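Note that the chains take the letters A, B, C and D in the order they are written out, and that residue 1 is the start of every chain.
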Amino acid sequence: MKPHLKPEDAVKLIPDGARLMIGGFMGVGSPHRLLDALAQSGKRNLTVIANDTARAGVDIGKLIRAGAVSRLIASHIGLNPETQKGMIAGEIDVELVPQGTLVERIRAGGYGLGGVLTKTGLGTIAAEGQQTVEIDGETWLLAKPLKADFALIAADQADYAGNLQYQLTATNFNPIMALAAETVICEPREILPVGMISPDVVKTPGVVVDYLIERAA
Amino acid sequence: MKPHLKPEDAVKLIPDGARLMIGGFMGVGSPHRLLDALAQSGKRNLTVIANDTARAGVDIGKLIRAGAVSRLIASHIGLNPETQKGMIAGEIDVELVPQGTLVERIRAGGYGLGGVLTKTGLGTIAAEGQQTVEIDGETWLLAKPLKADFALIAADQADYAGNLQYQLTATNFNPIMALAAETVICEPREILPVGMISPDVVKTPGVVVDYLIERAA
Amino acid sequence: MKPDEIIQRRVARELKPNSLVNLGIGLPTGVAKYIDEHANVLFESENGIVGLAAKPPEGMDDPDLTDAGGGTVSAVPGAATIDSAYSFGLIRGGHLDATVLGALEVDERGMLANWVVPGKMVPGMGGAMDLVTGARRVIIAMNHTAKGAPKIVPKCTLPLTSIRRISLIVTDLAVIEPTDDGLVLRERAPGVTVEQIVAATSAKLVINGDVPEMDLGVAA
Amino acid sequence: MKPDEIIQRRVARELKPNSLVNLGIGLPTGVAKYIDEHANVLFESENGIVGLAAKPPEGMDDPDLTDAGGGTVSAVPGAATIDSAYSFGLIRGGHLDATVLGALEVDERGMLANWVVPGKMVPGMGGAMDLVTGARRVIIAMNHTAKGAPKIVPKCTLPLTSIRRISLIVTDLAVIEPTDDGLVLRERAPGVTVEQIVAATSAKLVINGDVPEMDLGVAA
């Protein structure tokens, strides 16, 4: 059986300065209770890798508002003015990455690949300072793999062994991040006995998940 | 509704000299009826990209026995002595690629990526003549994307819109190949009305599938 | 007809039956309203679904079924859920027949700037760079001018979204196609003159003979 | 005890509870028989499943549930199906705790050759190169000699599988660990002398004091 924790105990595993991947897209498919607990925990100096920071004070936006984040790697911060303010004030070091490149960088980290070769961003300011590679006379941008200390992900159903399935657009970055972090903590909507999820429906095998967040009391 | 064909009509779409990706792993998850029809069609000079050539006279092995294949990109031919014989006799030009690199090369072709950066094969004869890339002082092998004219794949269930789901170890290369070919022909075990497969269970959206093979009469 | 409706109706006519299309948030989203329901145009949203449909009936929305703006949506029968990597595999890999996006500027080379105004607006590029680089056709849907200032300019002053040339510009005044020979004025909006279009455009326009009026499928 | 059983029993003791392990086809497959069922060692097969189990009961096999050799297998409750890309993501990405593979040759540097005999046997590397390059531990399970000829040699004469050093060699005669200082003889099989091992090995072995007998968990 997979170790299972309350959100407030799970965040105790995370030290100040940790590098976190956080699933979700504008908060959809984010581990809401885990983010609540993390925002309340008073952590500092976190690096967050995520698609976005949701809206002001919502989901990942709670971490921003709590001043917990000093570095952010994301594709979009447009709907969270607090993140933009933090960036402009120099309080948050923000690296903006095209969304498709961001998810492939995370995948490359998890899959043991050396980087991502893409045309996206080539010749734009998003590519400044980045390595390029010539392949058969064509130029490709080389984007480096991303890894993290922790992945904080959300799932629809988990079983006791940590097998995960996701629902609809709450899937997004979650299954990709599950392979790219040293420690994977998942907050599922419900937890079921082993054998209740068909092997063909599992999108993340339990073997890569380290902790499940228990259901709300 | 997705166009649907009998196997013998589907193979008429495939010209001599075509480049084919064929799903399956030792025949498991291969499009059996389509391969039967293709082997009987008298095609010549095909390029086949597949994990293996199954056993002598079985599945992809039927194409080998029929003399239809002049070029093969695969990870393993050890269980089909006819393929080995063809290779040694110079009748089949065989490129052996590590399995994990092979599937990533196919994915890169389908995902619009410039190549695969891997440590696998580095420093071995499998890497001879291949480009390497230095990233932060580390050397990575660059393996190039693969694309094909046709992907011949198998699925467990399809719906009328071509959405596909796969079963157990019959999944293997099929969903990856479905993105990497100009024309995708799928032989499902059963075909269901639209709405019978949950969106979360679909592994290949119907929009990338061009033809379904009808059920056997 | 309102300017937005002109743009949306005209863009709708660019979308082919049985094609896969990504509509940007805002004005482009409204294009869906004007697609013939029998055309079987399938919408994908980069947050992970093929088969996106209109807003759900009141009280029937689900927080796990959303568009790229985070708003709840519905889906067509036969929709498919995809993760973010697959979503951008479709986009980058050339499986997306068209994307419809807004613009801050488009220039004579057909280059697009739509993601950042340095020092002012830093939203991030989200999926825009992948969409503009990877979609088979990139259709820009925008008002011809912003606060009276032309948005179709000789050369973008804002950072580019991609160095790939976009396919078509549809505005409330005109349809313009970037080509090797420059920006070709293809159509006028109903009642708009070539002179009005030229006056509202700071880029050079290539005008070949008579410029026909847009066909919007309905009386404007 | 037969040579294969010695090897399989000894390798089984290397596999840690709650770990993910890939067993090569042939002799390594048999290791599974000797794993404590309470240890929750999970087997993955590179053709796409986590949670592989023994052969199915007669008449209960399914053609869509197979191992990497194409033979039918069963699965544990809580198994998960994965596609080939994900399978090698697990392998290459360091998520696989151990792989157990056969060998044609292993040498003093700990390099492995196990996929080709040029001019004679051209099976292809299958997943071997990824497994040897990516698994956290690579354990070689093989007979110490082939037709009397040593398989542990000064330098591989056959093409290498990877330039990554393997973790451990378990044979019917010995347990040997490749280190920076060379091949260290760690254990003897029951009843086998150090002299017999040295005689059956053409590579130089590092022998530090007394070499203990293997603990196989049962009387040999």
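We take it that a contact is a pair of C-beta atoms (placed from the backbone, for glycine too) under 8 Å apart; a residue touches a chain by one contact, two chains touch by 3 or more.
Predicted, not measured: the structure shown is a model, and the values here were computed from it.
K.L.:
Look at the interfaces A-C and B-C and say which one is made up of more C-beta pairs in contact.
P.N.:
Top pair by contacting C-beta pairs is A-C.
K.L.:
Can you give the whole-Å distance between the Cα centres of chain C and chain D?
P.N.:
56
K.L.:
Using mean CA coordinates as chain centres, what's the gap between chain A and chain B in Å?
P.N.:
Spacing between the chain centres: roughly 32 Å.
K.L.:
Chain A to chain C: how many Å between their CA centres?
P.N.:
The mean C-alpha positions of chain A and chain C differ by 29 Å.
K.L.:
Using mean CA coordinates as chain centres, what's the chain B-chain C distance in Å?
P.N.:
35
K.L.:
Quick one: which residues in chain A touch 2 or more of the other chains?
P.N.:
Residue numbers touching two or more other chains: 104, 107, 111-113, 118-119, 156, 166-168, 171, 199-200.
K.L.:
Got the chain D residues that touch at least 2 other chains?
P.N.:
In chain D, the residues touching two or more other chains are 49, 75, 81-82, 85, 88, 91-92, 134.
K.L.:
Which word fits how the chains touch one another: line, ring, star, complete or other?
P.N.:
Contact map by chain: other.
K.L.:
Output every touching chain pair, sorted by label.
P.N.:
A-B, A-C, A-D, B-C, B-D
K.L.:
Of all residues in chain B, which touch chain A in the complex?
P.N.:
Answer in residue numbers: 104, 108, 111-119, 131, 133, 135-136, 138, 140, 142, 144, 156, 165-168, 171, 199-201.
K.L.:
For chain C, which residues are in contact with chain A within the complex?
P.N.:
Residues in contact with chain A: 45-49, 62-70, 75, 81-85, 87-88, 91-92, 116, 121-130, 133-134, 159-164.
K.L.:
Once bound in the complex, which stretches of chain A touch chain C?
P.N.:
So the residues of chain A in touch with chain C come to 25-29, 51-52, 54-55, 74-79, 84, 87-88, 94, 96, 98-101, 103-104, 107, 118-126, 156, 166-176, 203.
K.L.:
Enumerate the contact residues on chain D facing chain A in the complex.
P.N.:
20, 42, 44, 49-51, 75, 77-82, 85, 88-95, 134
K.L.:
Can you name the residues of chain B that touch chain C in the complex?
P.N.:
107, 109-113, 159-161, 163, 179, 194-195, 199-200, 202, 204-208
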